[in-house]
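Across the two complexes that follow, chain A remains constant while its partner is chain B and subsequently chain C.
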Partner chain A sequence: MIMDPYLYILVQIIFVIAGLTILFLLAIVLLRLFHSLGEKRYRQMTEDWEDVFFGYLQGELTLEEAAAVFKKANSYPWMWRFLAPYIRSLDGDDFDQAKLLCRQAGLIDYYKKRLHHRSVTQKALAARTLGSLRCRESTSDLLAMLHSKNPIFILAAAQGLAASGDTSAFAQTTRTLLNHTFFTFEGAAEILSRFGVESCKAITAALEAKTGSGTAENPVEKSLLDHLHGKDSIEPYVYYSLYIDLLGNFRYREALPALGKLARFADQETMVHILKAFLRIGEMPPGFDIKPFLKHDYWVVRSFAAQVWKYSRDQEALPLLENLLSDPYWWVRYHAARALSEAGQNGKTLLKRKTTESAGAAADISRYILELNEVN
Partner chain B sequence: MEKQKLILIAEDDPSVNRLITFKLGKEGFKVRSTSDGKEALKAALEEDIDAAIIDVMMPFLDGIQVLKRIRAEKPQLPVIILTVKSRGEDIHKALELGADQYMTKPFQTAELVKSLKSLLGEL
Partner chain C sequence: MSGWAVFFIFYSVFIILYFIGLNGSYLLLVLLSFFGLRRSRITQKVSDRVQTFRSSFYKPLTIIIPAFNEETTIVDTIYSVLALQYPEFEIVIVNDGSRDNTLAVMKKQFKLRQSARSYNLDIPCGTIHNIYISADYPNLVIVDKDNGGKSDALNAGINVSQFPLFCNIDSDSVVDSAALLKVIDLFVKDRRVVAAGGTIRAANHCRIEDGHVVEARLSPRFWVRFQIVEYLRAFLFGRAGWSAIGGILILSGAFSVFRRKAVVDAGGYRPDTVGEDMELTLRIQRVMKSLKRDYRIVFLPDPVCWTQVPETYRGLRTQRRRWQRGLAESLFYNFSMFLNPQYGAVGMISFPFFFIFELLGPVIELSGYIVFLVAIYLGLLNPPFAILFLVVAILLGIMLSTSAILMEEIHFRKYPRLRDVLILFIFAILENFFYRQLHAWWRFQGLLDFLFRRRTWGTLDRYSFSEKNMEDAQS
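And then the complex of A and B:
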């Protein structure tokens, strides 16, 4: 019997599709099998590694003995997968000991070589790993990666540099992150905060130099001061905002005097960040006069000034807070009323009087806050 | 010689459990390590422990339930709750139920020791 040529082609196509499907399914099954075998082997190894690692930390095994066990496994990605959670949680001598083990076992050299790997993923992973191990000898390689055009490299290098805590790279990392539109301001702040509290010292020194109450001593402080002087393409207020946010995030009280001085001549955006930093730190510099900020032209400054008033409780500012109850902006009225409600009996009496005196915005916000306080 | 303080660790992740055990041992504490909620509760109520470090996510009985039972029977026992950052509701619940402190994972072991010592009045 002669088959219809079209039917013959159709049957052939069905056979090919079925064959490909079977091959595809077989590949998935094999991959899963290899993966689960690999995981099983990893689990077995980590059981031994845990004893070796803690035995080494407790001084029961020498560095050479412990390193030999990890070396024997001949898998640095697995070794890092095992050690990474410990490395991130350990500190002081324990961290140094763990790092020494990584070095002796060859893990650090392995990832240093991987920094020059062709694969984007491998390079990025190496940058983050060396950063987590605080390998400052890799700073120059990471800085070179930071200046690449690939956003994945830039991000990995910035994360690596920040995790390493090497503040010598802080200024360059900041400039790079702010220069690229694919990083948001908050994202940049999050990465930079991983440099740790040491960066706050440099920022404070630069702010003190800028406000004439100190000098920028070392290259990092001088670079930060250059940022504040507007010596590159990024507007100084962007640097100010970012650096002040970092001080606030670390609740760095030592920066309060410099922030207080800066607030006197800062632009309105920077002023907002300074007042926000006071809120984060939970206090204002001693003797800081909040009154000019309660009268500021920019409503966001007035709003934050009303929020930070509580740290001075300056009674002379009460009439200004009262004026803000009629501010055109709801948030300003809200924070002024909140401040007055926390200003003792005088403030509460004032709010009550406002509810009866008029039917305007001041009366509405006063009523709202008094009711809110009753509910709470 | 001062008696070694006994700390209960309730954590089902063996790596975290071992890490805390190691660090507390190094700091001079005696450690009672458990990996599920039921065992942790039994140890907390029946043994003479000085403080407890309890993970929220545990098999058989979660950390919040363990904390609730501990508070009913040993209201003065210092308790630190361990949780993951993304589970803010656990933190609220634990604090409402009287946890003395909480730590989000991953944490620095030094911070945990500092919190524990401060709760035990050793700082």
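And then the complex of A and C:
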């Protein structure tokens, strides 16, 4: 019987769709089975690995003996899955020992090769793994990856470089994150903070060179100084803000004099970040006058100035704080009221007086802060 | 040739073209979502959330939860939100004039006391009577206001919120503990992102402990099972596919995060629609374009919000009618985006798709069934062709649902038992035989509700997650 061509096409389509559906179903079942078997095998292996790993850290097993057990399993992704939580929480000698084990077992070489793999996932995971193991010998490969156009590679390389703590890559990583990604300021700062406190030395040197109280000596410090000089498509205040935030994040007291000097001629955005850094560090440079900042035109500066006032407790600034209780911006009023509430009995009396004396914003915020204090 | 025959031929051609257009689009979406899901999985694997959680750089966030007559669920919801992993956040619960004991329950449980906290009326909203803060949880704020509907409650919450980002969560939903970190990561890694959402899944009969889903289980209720398949399809290849081409039209109201400024610029949620989530998503895009801002609205499949879905015929029908009405209202209010190249993929692809296939779909589908029956009656149909066409339609539906289940298996594997996954496959087959037709009928009714301006929200039976767990344990 000759079939109508339309019917023939429909029958063909039915076979294709039915075939694909069966294939999908089979894939679901097989994936689940492989996953279950894999997990079962992984659990068995980790039971052995735990004893070996801790035995090795406690000196009960030699490096060679421990490495041989891991090597025998011949699965580096699983080995990394097992070791990663420990590696991230280990430090000092224990970290070095664990890293040595990874090297001896061949895990580091495996991931170094994976950095050149065709698969995006493998490359990206290799970058992250080598970073977590602080393998500085991979810095050049990671820098090459950092200059790729694929955002996943940039992210992986930036995270890898930052985790490795190799500050020689700090300036380039900063530049790439700001110029070639859509990262927010906070996102970039969060990744850069993983370079560790070592980066603060270079930042401080660059700030000192900029304020004329020092010189930028090594290539990283010079690159950072170039950023501050605006030798880039990014506005210098962005670099200033980012670097100052990092100083604050590490509570880097050594940078206080440079920050104090910079505050005198900084633009309003940078000024905000300097005040924020004081807040994080928990102090201000000696002799720093907060009063001009409490009167600043930009409300965010006033708001942060009210917050950092507590480090000077300058009594001459109290009338300025009182004025800020009627500021048009809620956050300024809030922080001024908080500062007053922490200014001892005088401040609290002033706030109480405001709740009865005046109506409107100053009374509202005074009442709110007194109430919050009561709750806490 | 009789008039009926001519009409039938034209209509058949139209139906076949419509069918090809609809299923062709779905197949493309499957492909797009496959790559989109893979990409987002790689990015998540590379990201270090432990480090992120410790970071002091992340922006604080306000979580807004509107509550209307939620005395049974509100305490569980608040505890689940309090337990979320995020460096700094405040929770604003908006009691939208509940007539039950919602406020009293919260007052007792969280030791609320009246607060003098002030706020700016950035967006119009109903009268706020009182703001309360908790003596036990300083980041918990309760807003008591006149009843004005969900949109109005959300607008009040936005006014009271202090932080640059806000997240809205439905009071009958629980969010995975790391969901906020995952979704905020999108805002951090791309400064153009103004709104982002995650996947919604059915929480019914899942094991919930301390406000978190600890084991995803399949509900024995068949209405729920149909919805689980639907949700997998809608999110894992629908929304993920649209997101891959920048064509997101809706972020679910049950869990989404917005830049506060973008929402304030857009004028907040519109109170005269039941599709407030979709309407806002569309309006933000219009406003951002008019302000010439580079923006992104994105969807991330992994942050999961578990919500109670209707378990009864009545509840499901009410919800689907409302959704269809919401869709119609949202598209109608933002119709200037239709085929407007200024809006890129949204204007040229997803808006027309939603208009033709989602909004008008039930009309065409139901008329197709009617014409099919009439044609059989009049003897105008080529029976083998009709039967084979029907088989193709059903098989395509099954294949698309199976592909969504496969994506779930590849990327998430939320259901721990293979048996549950296979049951979902059976429901992917079953749904083609009466659920799909019923669904088309409800959506058609929703369209009529829109045309005749019937404006009811309807009620959904709610239960406390902890009570449900007890019931399940006893049964």
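Rule of thumb we're sticking to: the second predicted complex is superposed on the first by the 305 of 376 C-alpha atoms of A that agree within 3 Å, B and C clash if a C-alpha of one lies under 4 Å from a C-alpha of the other, contacts with A are read in each partner's own complex, and residues count from 1 in each chain.
Quick note on the criterion: contacts are C-beta pairs under 8 Å (C-beta built on N, C-alpha and C of every residue); 3 or more make two chains touch, one makes a residue touch a chain.
Bear in mind the structure is a predicted one, so any value in this text is a computation, not a measurement.
Colleague: Given the touch rule stated above, what does A:F24 touch, chain B (first), chain C (second), both, or neither?
Modeller: It touches chain C, and chain B stays clear.
Colleague: So, A:E198: does it touch chain B (first), chain C (second), both, or neither?
Modeller: Neither partner.
Colleague: Looking at chain A, does chain C or chain B touch more of its residues?
Modeller: Chain A has more residues touched by C than by the other partner.
Colleague: Could you say whether A:R88 touches chain B, chain C, both of them, or neither, answering first, second, both or neither?
Modeller: It touches chain B and chain C both.
Colleague: Quick one: classify A:L57 as touching chain B (first), chain C (second), both or neither.
Modeller: first
Colleague: Go through the superposed model and pick first if A:D232 touches only chain B, second if only chain C, both, or neither.
Modeller: So A:D232 meets neither chain B nor chain C here.
Colleague: Once the structures are superposed on A, label A:N249 by its partner contacts, choosing first (chain B), second (chain C), both or neither.
Modeller: Touch status of A:N249: second partner only.
Colleague: Could you pull out which residues of chain A sit against chain B in one structure and against chain C in the other?
Modeller: 88
Colleague: Looking at the complex, which residues from chain C come into contact with chain A?
Modeller: 39, 42-43, 45-48, 50-52, 55-59, 113, 115-118, 120, 133, 135, 138, 187-192, 384-385, 388-389, 391-392, 395-396, 398-399, 402-403, 405-406, 409-410, 413, 418, 421-422, 425
Colleague: Enumerate the contact residues on chain A facing chain B in the complex.
Modeller: Result: residues 50, 54, 57-58, 85-86, 88-92, 94 of chain A touch chain B.
Colleague: Spell out the part of chain B that touches chain A in their complex, as residue ranges.
Modeller: By the definition above, chain B touches chain A via 14-16, 18-19, 22-23, 26, 106-110.
Colleague: Using the touch definition up top, name the residues of chain A that touch chain C in the complex.
Modeller: 4, 6-7, 10-11, 13-14, 17-18, 20-21, 24-25, 27-29, 31-33, 35, 88, 120-121, 124-125, 127-128, 152, 155-156, 159, 163, 181-187, 189-190, 193-194, 245, 249, 280, 330, 361, 364-365, 367-368, 371-372, 375-376
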